[in-house]
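Look at the two complexes coming up: chain A is in both, with chain B in one and chain C in the other.
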Partner chain A sequence: MKGLLALPQWLWAQLRHEVLVLPSRSFVFFAALLLLLLPLAYDDPYVLRIITMTAIFAIFAASWDLLAGFTGQVNFGHALFFGIGAYTSALLSHHLGWVPWFTVPVGAVMAMAAGFLVGIPCLRLRGSYLSLATLAFPLILTGLLFAFPNFSGGELGISGLRRIVNGTVGNYYVAVVLMLALCFGMWKIGDSNTGLIFHAIREDEVACRASGINTTRYKLLAFALSGLFAGVSGALYAHFLRVAGPSSLEVALSFQVVIWGIFGGIATIYGSVLAVFLLYPLTEILASFDIFKEIRLLIFAVIVLLVLLFMPQGLTPWIRDKIEVVCPRCKNRNVFHRHQCRLCGAELR
Partner chain B sequence: MFSDILISGLVNSGVYALLALGFSLIFGVARIVNIAHTAFYMLAAYALYGLMVIGGMPLLLAIPLAVVAVVALSLVCYKLVIEPVRQHESAVLIATIALALIFQESLLVAFGGSFRGIPNAVEGVTSIIGVRVSYQRLIVLAVVAVTLVATWYLLNRTRLGLAIRTAANDQEIANLMGINVSRVAMYTIGISVALAAIAGVVVAPVFVVDPLMWLSPLVTMLAIVVLGGLGSLKGSVIGAFIIGYVEAITVFVVPSGSYLKGAVALSIMIVVLLFRPEGLFGVVFEEER
Partner chain C sequence: MCRKLLLPVVAALGLAFSQGVWSQDIKFAILGPMAFVQGENHWAGAEMARDEINKAGGISVGGKKHMVEIIKIDTNEIQSVPDATNAMERAITRDKADFLIGGFRSEAVLAMQEVAMDYKKLFLGVGAAASKLGLNVEQNYDRYKYWFRAAPTKDVDLARTLFAVMGSVAAQIRTDLGKQVPKVAIVAEKTAWTEGLIKAAQANLPKMNMEVVGLWQPSAVATDVTAELSAIKRANADIVFTIISGPLGIVLGRQMGELELPAVAWGINVEAQKDGFWQATAGKGNYVSTLDTYAEVEVTPKTIPFVRAFKARFHKSPIYTAATYDAINQLKVAIEAVDSLDPEKLIPYIEKNEYVGTGAIATYDKRHDLVWAVGKTSGIAVEWQDGEKVPFWPPQTKGMRPFKLPKH
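Take a look at the complex of A and B:
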């Protein structure tokens, strides 16, 4: 009897002491619950499809944040990993007839390999050079795909792919559960020792090397991990829309992910996810009104610009600093109305 | 074929040189990676289209008016959007991306997504070393040459040019020497957008005008600037000629080369970066090591 109760008790304790004490974590927890329960109460296929796409792009934006936000390798060609994930799984299921449960992981691994390979020349580059040079990689791949249209489908891409599961609700759950699991995984990576080293590389790489850290290895790790997660989202995207085309590699998508990442606040993971969940449905909903259909991207850009003028650090850091304070002694976060730190008891001001 | 490559490479390289030079200037002085740079080039082309084809203005009046209007717009954008977030590098980055998107979408709403043509300033073709070249392309070449020389003169022979070069070299020292760095940054943005706008108005009759025309020169321009070395003016011009000719050779020599021209140019950029991470003529800034 006691053993039976141990797990729920432990879970409840974790929830109470790790999640519910902070407003930001409680918000994420309840938002995740809401996403998981939504189809039970409300199963309008249009809304579910939008949320499925949002979840797929949320994985993509979070993977950019892992590389650009944490490690400071501001990647302008992140669509490369997305496109490689999409094209690999599409080619495998088109030419070899594999089922999506195999093609998606293989696509992700290929994108991880691409991340590793792209990371090697990028080791020598810094700052703006790195950003501008990485812009080139997806375009080189697009050129190659167009030059071999029999293999890649050329400008039309590969269409008629199999769905991962049948039915809107099934796809919704695949995308949302994967999004929650992968983004939680990325957040844990960011919170771990490795994440700390990623932060250190962004802040001062020379000091980081001087502390005996092999920054080369960690930068390559960041590229590979980021490629892996972006590859998953690309492969999911291909199987969800049932087409993998050159649009998954285009500059606009790379810029889009930069906007999502910075708008949400860099080096947070949850920031990029929130940004996608606000901005992607916004453009989709605007598109459903006839008056806004033409100008939806215009509205999108204006909103991004206005928000940035007031919150140049991004959305979530701005909100976070309003509702939480950092303990001056142990650097842990507390609700804003507390007077003493919840962990070390130090006075909060 | 050889002379085809020679002429078409020269025209493209000249246009790329104007764009890359302007981008380099802004990056050097204000450290702004201006993604909207080629969007100003597009705006100038559309302004010319609006003034000439819709407004019915004569060419010689429409060209300066288009350039001035675009430069004024860029200064307004800088004051309203970029300057308030100058301290936050990432915010500046997406502010310029958002600006470019805003321009693209506004043009899409105003003019529609279709390709638009602008009549040539001078009709007719001539023959140079066996290649038929339209007079319009010769005008492009002449304007590019004059603009490049004028920019060189401005930067190297005037007090403003000296101030710009000083600010690009070291902002703090420039400030200590009594240079008003923020005003110099304003002038630099004006000059650099003017270069882009001139490029836009001269190529508008040669290429077609559409609301997505800023993307492909943007990528090429960034490749050129990285190849030549960020912030290096000499590097930008030389890089423009390298990339321009590589593209021309790929298009004329390689089968299905028009698809591969971007890929080949960008691969060359990456190969150069592998051996010289700071580009051909780049300098390593101490604080950016």
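Take a look at the complex of A and C:
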């Protein structure tokens, strides 16, 4: 009996001491819980569809943040990995009849390999030169796909793909659960020693090398990991929409992910996720009102501009700085109304 | 107290019923890129159909008249495929549309088709030409049978029309100019969709006793094509076969006039379909001709009244996506014939019966594609002649006027 109670007690302790102590973590916890429970209380297919798409794009946005935010390798062609994931999964499914449970991981691995390969020529480039070079890769792939229309479906892409699971609710859970798991994974990577090195490369690569870190290896790792996660989102997208077409490689998609990443706050992971969850449904919500239908993209642009004007670090760092304070001694975060650090007891103000 | 309340409640309920709060309108979702000219025409055509049907008393089902309600759904499909699928889902599950009409960008319509088929909703395509949409019906009838292509004909048939008109133009050159093997210069914008048509032209034109003098592929956004046109002039081309959907069509028309190129331009030139083409080319776009759908000619007995009414109401000519008018009316006829809104009953009726619309006389094949026939579903060809868009093909259609060649 005591053993049976041990696990819930441990979970509660973790929840109480690690999650509920900070507003930001509490918010993430309750938001995740809400997402998981939503279909039980409200199964409107339209709402579930929007959240499913949002979850898929959240993985994509977080994968960009892992590369551009943490490592400073600002990628303007991130749709390449998304498109490779989508097309690989679609081609395997279409030509070989493989099931999505198999094609999605293969698509992700192909995108990871692409990330590694793209990373190699990009090692010699920095700043805007790197960004412009990465912009070219999805265009090259689009050209290749158009060159072999019988294989790739040309400008129409590949349609009629199988869904991963049947039913709106099933697809919702696949997307949401994967989003939560993968974004948590990316956040943990960012919080690990590897993430620390990514940060260091972004801040000062020369100093990083002087410290004996093989920055080439870590930059390639960042490209590959980012490609892997973006590939998952691309493959999920293809099987959810049942179409993988050139739109999955569009320049607009590459810029969309940059907007999400910067809007939410770079090098946070959760910032990009929150940005997608705010901005993607926003245009849909506006489309529901007749008076906003025609100007919804204008409203979207104004909101993004205002946020970036008044919150230059992005939305989540701004909010977090308002509701939490950093301990001057141990650098841990505390809820804003505390006077003493919850961990080291130092005076907070 | 209760009696005092009863009267106002009954009166309110009566008023509500008379205002149609609980009336069972038949809902048609009109899906299109509403910020673009294609979507505007989707909506305009649907508005005309709604007003005419409702003015005549609505659609009769089960002995009752039902009003037509059209729902404007902006798919944003030119910019985003996911937006288009979300819009389709909203139309079906939120707006509770009975029928779905529209679509434009083929990649997006393929994705929208999947959503519509999931819900077994009749989806009449007005805008996308991709053959794949119909192929789906043939390959998996039970799932895709709810799709019908109301306009235009599929891409392969558009090519058939192009070459049919080309044959007619070449015949006139042979007769009027005595050139037995007319020379053709192919000018196609450098985009993916033109590739198939270029190959078809290069393969078919020599078989039609024409000589292809070269292929020029300027950028889709080029602002100057004098170099290409000079080369075409030196090659003594009689026909410039255009495959252009964007603003390049204006540049080409204007500069052909400036260079006084002794050739006609025939093919696809979307800009030349618009009323503002002549002004946009500064009056230089003479002899530019293109495929089109609507003009004041008697493709069917309904064409001229529709075009006139459209022009009177919207002060512009309709483009092919205004065939939402036909799609709604076609469904009205089918609904009244089978006396039901059930797609399972409507599908066999639409499959078997001819419908005379404003832009075409529609009959369907096993792919639910329009059966191509000159003068029935082929569309028309128009040529700009001294500031006027003149319809000239198919010549047997009442109202067509002669095709003119430039002076040599």
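Throughout what follows, the second predicted complex is superposed on the first by the 344 of 349 C-alpha atoms of A that agree within 3 Å, B and C clash if a C-alpha of one lies under 4 Å from a C-alpha of the other, contacts with A are read in each partner's own complex, and residues count from 1 in each chain.
By our rule, a residue touches a chain if its C-beta (ideal position, glycine included) is under 8 Å from a C-beta of that chain, and two chains touch if they have at least 3 such contacts.
Model, not experiment: these values are computed from the prediction.
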Superposition on chain A - do chain B and chain C clash or fit: clash
Contacts of A:Ala210 with chain B and chain C, given as first, second, both or neither: neither
Which of chain B and chain C A:Leu308 touches, first, second, both or neither: first
Partner chain(s) touched by A:Ile291 [first = chain B, second = chain C, both, neither]: neither
Which of chain B and chain C A:Phe146 touches, first, second, both or neither: both
First, second, both or neither for A:Ala41, with chain B first and chain C second: neither
Touching partner for A:Leu4 - first (chain B), second (chain C), both, neither: neither
More chain A residues in contact - chain B or chain C: B
Of the stretches 38-46, 164-172 or 218-226 belonging to chain C, the one that collides with chain B: 218-226
Doubly contacted residues of chain A, that is, touched by chain B and again by chain C: 146, 252, 294
Of all residues in chain C, those that touch chain A in their complex: 34-35, 72, 74, 79-83, 85-87, 89-90, 93-94, 106-108, 110-111, 113-114, 130, 132, 136, 140, 192-193, 195
Chain C contact footprint on chain A (complex, rising order): 44-46, 49-50, 53, 146, 149, 154-157, 159-160, 237, 241-243, 245-247, 252, 283-284, 287-288, 293-294
Footprint of chain A on chain B - complex, ascending: 27, 33, 35, 81, 84-85, 87-88, 90-91, 93-95, 97-99, 101-102, 104-106, 108-109, 215, 218-219, 222-223, 225-226, 230, 256, 259-264, 266-267, 269-270, 273-274, 277-279, 288-289
Contacting residues of chain A [partner chain B, same complex]: 74, 121, 124-129, 131-133, 135-137, 139-144, 146-147, 206, 251-252, 255, 258-259, 262-263, 266, 294-295, 297-298, 300-302, 304-305, 308-309, 312-314
